[in-house]
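Two complexes come next, and they have one chain in common, chain A, joined by chain B in the first and chain C in the second.
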Partner chain A sequence: MPVARSDIAVLAVVCLATWGAVPVLAQSADSLEVGRKMLAEDNPGELWVQRGERLFHDQRGPRNASLEQCDFGMGPGRLEGAFARLPRYFSDTGKVEDMESRLLKCLVELQGLDRGAIIQARFSNLDRASDMEALSTFVASRSNGMKMDVRLEHPQEREMYKVGEYIFYRRTGPTDFACTSCHGDEGKRIRLQDLPNMTDRKQMQAVIAGWPAYRGTHSTVRTMQHRLYDCNWQMRLPDLGFASDVSIALTTYLNYRGNGAVIQVPGVRR
Partner chain B sequence: MAEPMKIRATLQGDTADVRVLILHPMETGQRRDGKGELVPLHYIQSVLVTHNGKAVLEAQWSQAVSRNPFLGIRVKGARVGDKISVIWVDNKGDQRTDEAVVAPAS
Partner chain C sequence: MRIRMATRAVIGVPLLVAVGCASFPDAQTTRGLGEKMVATSYPGMPESLTRRAVQDRAQQICSKVGGAKLTQEEAAEVARLSRDSIKYPASGQLAGDWKVGANLAYAGQGGRIVGGVVEKAKENGALCSNCHVLDPREVNAGNVGPALAGYGVQRGSSEAIARLTYERIYNAWAYLPCSIMPRLGAGGHLTPEQIAHVVAYLIDPASPVNTKK
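Coming up: the complex of A and B.
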């Protein structure tokens, strides 16, 4: 994928804030751990899996079709373990794609829904739900218990990984932030929010294992696309395009670095 | 039409541990939408939990309960295979009934 310099300025993304892996004070981290466990046991995100499953099988859109023929790389309709291998190269589009970009393609091509409208409603807010969030949660949950296993076999996958790595370390924008400004050292935090050091494989795996995640502060499930979008915004960069090459390059880098993480979605985050 | 609840009921000794996830906006009546208009009150008013048809919990909720609420209760004297049913009704008259069967402890 050719990447012009001007594009790269828009790329850098920071801060996959999670319930951090780095305790600031051992005691406070332990008591937070109790709360996290309780949230994980009764995760409202499970309701998004239910809704996503229904949306996946229902006949919808102008074509009155289900998404059962949607191909996430394991063949049409095969969801088991598909998310664990994404992003990957797809010969039908000639591009490296992640889960959300594949869903977008299927919603448009199989169901005949309007691409612009889907992108506009990609993230829910307090006034309306998002089908994309529910569908992503359902599709990802079909890889639960499996290990993240992004392979970088195709030259384009390796290129996306390289671009993602470049963005991850490159400082940019009005705050001169890189992802690593917040996620490159041990023991950093924002307020009481521990920040994972994502140059550490274990901590990266803890991040990757739990997205999409139910975010308590948003009262909804958010996807990796939203996490990256939000980080981008927090760095005061121009909006990150949904399912853009930039977002997929970063996801390729992050997921590959998180390989081996046992997927358990939806996760629970602050 | 309200979304289905997710109900888990597992037996621990002679007690069923019942955990209910509910999808509901639980509007407080004080939030403003994107256009600056007040979003009207919309919250679950009453909740009824029954064990084999017998009421074990009747609750009156208010708008102080969170969005997408979680309800956890313990039902004494339950056995594997018993029916736990949950009914909620909100202030707009919308309601939802779902049922679960008590499962053995895993």
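Coming up: the complex of A and C.
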């Protein structure tokens, strides 16, 4: 892999030398896309699907129970196509929930695990894997090949959608950023990192189709909850609460806008 | 764009009502709900940090859903608030040392929060190259903002240009209300002295931004 990367770098230098004038302005990050495609062919994220499947069926926690009765909106234990409809309103909690918040509920209520401890370990690091990341990847993968289909039938779903839209354009913090600051225009990059224009439906669908995603720079699969947390971090905002209202409002807005995207997870991202 | 949206609204709204596909909350309600949710979505964080998620007046004006245009009055208010926010270095010197500015311009650290703690950094970076081309030989530069290579070649390094450049970095909204550019001085990310160094990096004839290769 490092060989391939240096080849790309050499190629880029040759191209720059050939083109000559204003090389920086003409530079595109497309060569990085080649690396991502190569990684996607042997997607390491598949390992998270397998681990998540095992965790889902194993008897675990103080109650020594599996997660097989967990309800993601299609009925207890029915996973096929469930992720494609999330976030949605759940009458048992009276709230709009996403995949991760449902998993959190099931880990607590079915297996008797400690809510605080789960949230503490929600994201993996180099020393510790995260069950939440593996379980999310497995559950989402059961909608692979299906289209994102968030429906906004319940009034609370429509509220969440509108709040998500409001937050998407809401500028705040020491950098004055909103989501649109980086994701509202065509062909933009932060340094060499391409930024999808999320006001464009096609690009929105390409984003939504591939989360959870294996992130090369993190050496792990990250979920949408982490993606939003990470954006907040870069915006210099405080740690965004796991399964917080803001995170679910944004996910409702983004997933609905990404409706029609053919889900293929785990995706591969930088 | 505006016409297309208007057309969609004319056809779409009655259609939604007709099929009984109930309504969305209006802008006022949405704002109320949204602000309430923001207030509860950073649990366990000290007030000194959650304060960052509270909008000031200019940010409120600059948060138009769908990127709608500002009214004349709104633009004027943002410009006025921004102009009033600008503070200058105690030394009065608006162009510092371009070599110090060069380091700042490519530095992206500072001010990020993990686990409720602000990252430890000697000083905040100026974040410039995340969005702007500066030294034309540096490939790793973003394009969210305009390319600034040759900035001083075009403008010179007069007192007036130093002042304009300083003010645009301290608070970009004084000149371009609601620009994507962060209000780096007014928002507290950079000190007046740091901004003066970045100004020098942009306008000094000896700076790589302005040397032809």
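One rule holds for everything that comes next: the second predicted complex is superposed on the first by the 236 of 270 C-alpha atoms of A that agree within 3 Å, B and C clash if a C-alpha of one lies under 4 Å from a C-alpha of the other, contacts with A are read in each partner's own complex, and residues count from 1 in each chain.
Methods note: a contact is a pair of C-beta atoms (placed from the backbone, for glycine too) under 8 Å apart; a residue touches a chain by one contact, two chains touch by 3 or more.
Treat the numbers as computed from the prediction; the structure is a model and nothing was measured.
In the three-chain model built by superposing on chain A, chain B and chain C fit together without any clash.
By the touch criterion stated above, A:S219 is placed in contact with chain B alone, chain C being left untouched. In the superposition on chain A, A:E68 makes contact with neither chain B nor chain C. In the superposed model, A:I190 lies in contact with chain C only, and not with chain B. Within the superposed three-chain arrangement, the count of touched residues of chain A is higher for C, of the candidates chain B and chain C.
Of the two partner chains, neither chain B nor chain C is touched by A:D58. In the superposition on chain A, A:E46 makes contact with chain B only, while chain C stays out of contact range. Within the superposed three-chain model, A:D149 lies out of touch with both chain B and chain C [touch as defined at top].
Of the two partner chains placed by superposition, only chain C is touched by A:D245; chain B is not. Taking all C-alpha atoms of chain B against all those of chain C in the superposed arrangement, the shortest distance found is 13 Å. Taken together, the two structures place no residue of chain A in contact with chain B in one case and with chain C in the other. The part of chain B that touches chain A in the complex is made up of residues 3-4, 6, 19, 21, 23, 25, 31, 33-34, 39, 66-68, 70, 72.
Residue ranges on chain A touching chain B, taken from their complex, read 41-44, 46-47, 50-51, 125-127, 219. Considering their complex, residues 16, 22-25, 27, 155, 158-159, 161-163, 165-167, 169-178, 180-182, 184-185, 187-193, 195, 199, 233-234, 236-241, 244-247, 249 of chain A touch chain C.
Against chain A, the residues of chain C that register as touching in their complex are 22-25, 30-31, 33-34, 37-38, 40-45, 49-50, 52-55, 59, 62-67, 111-116, 127, 129-131, 133, 136-144, 147, 149, 178, 180-183, 187-189.
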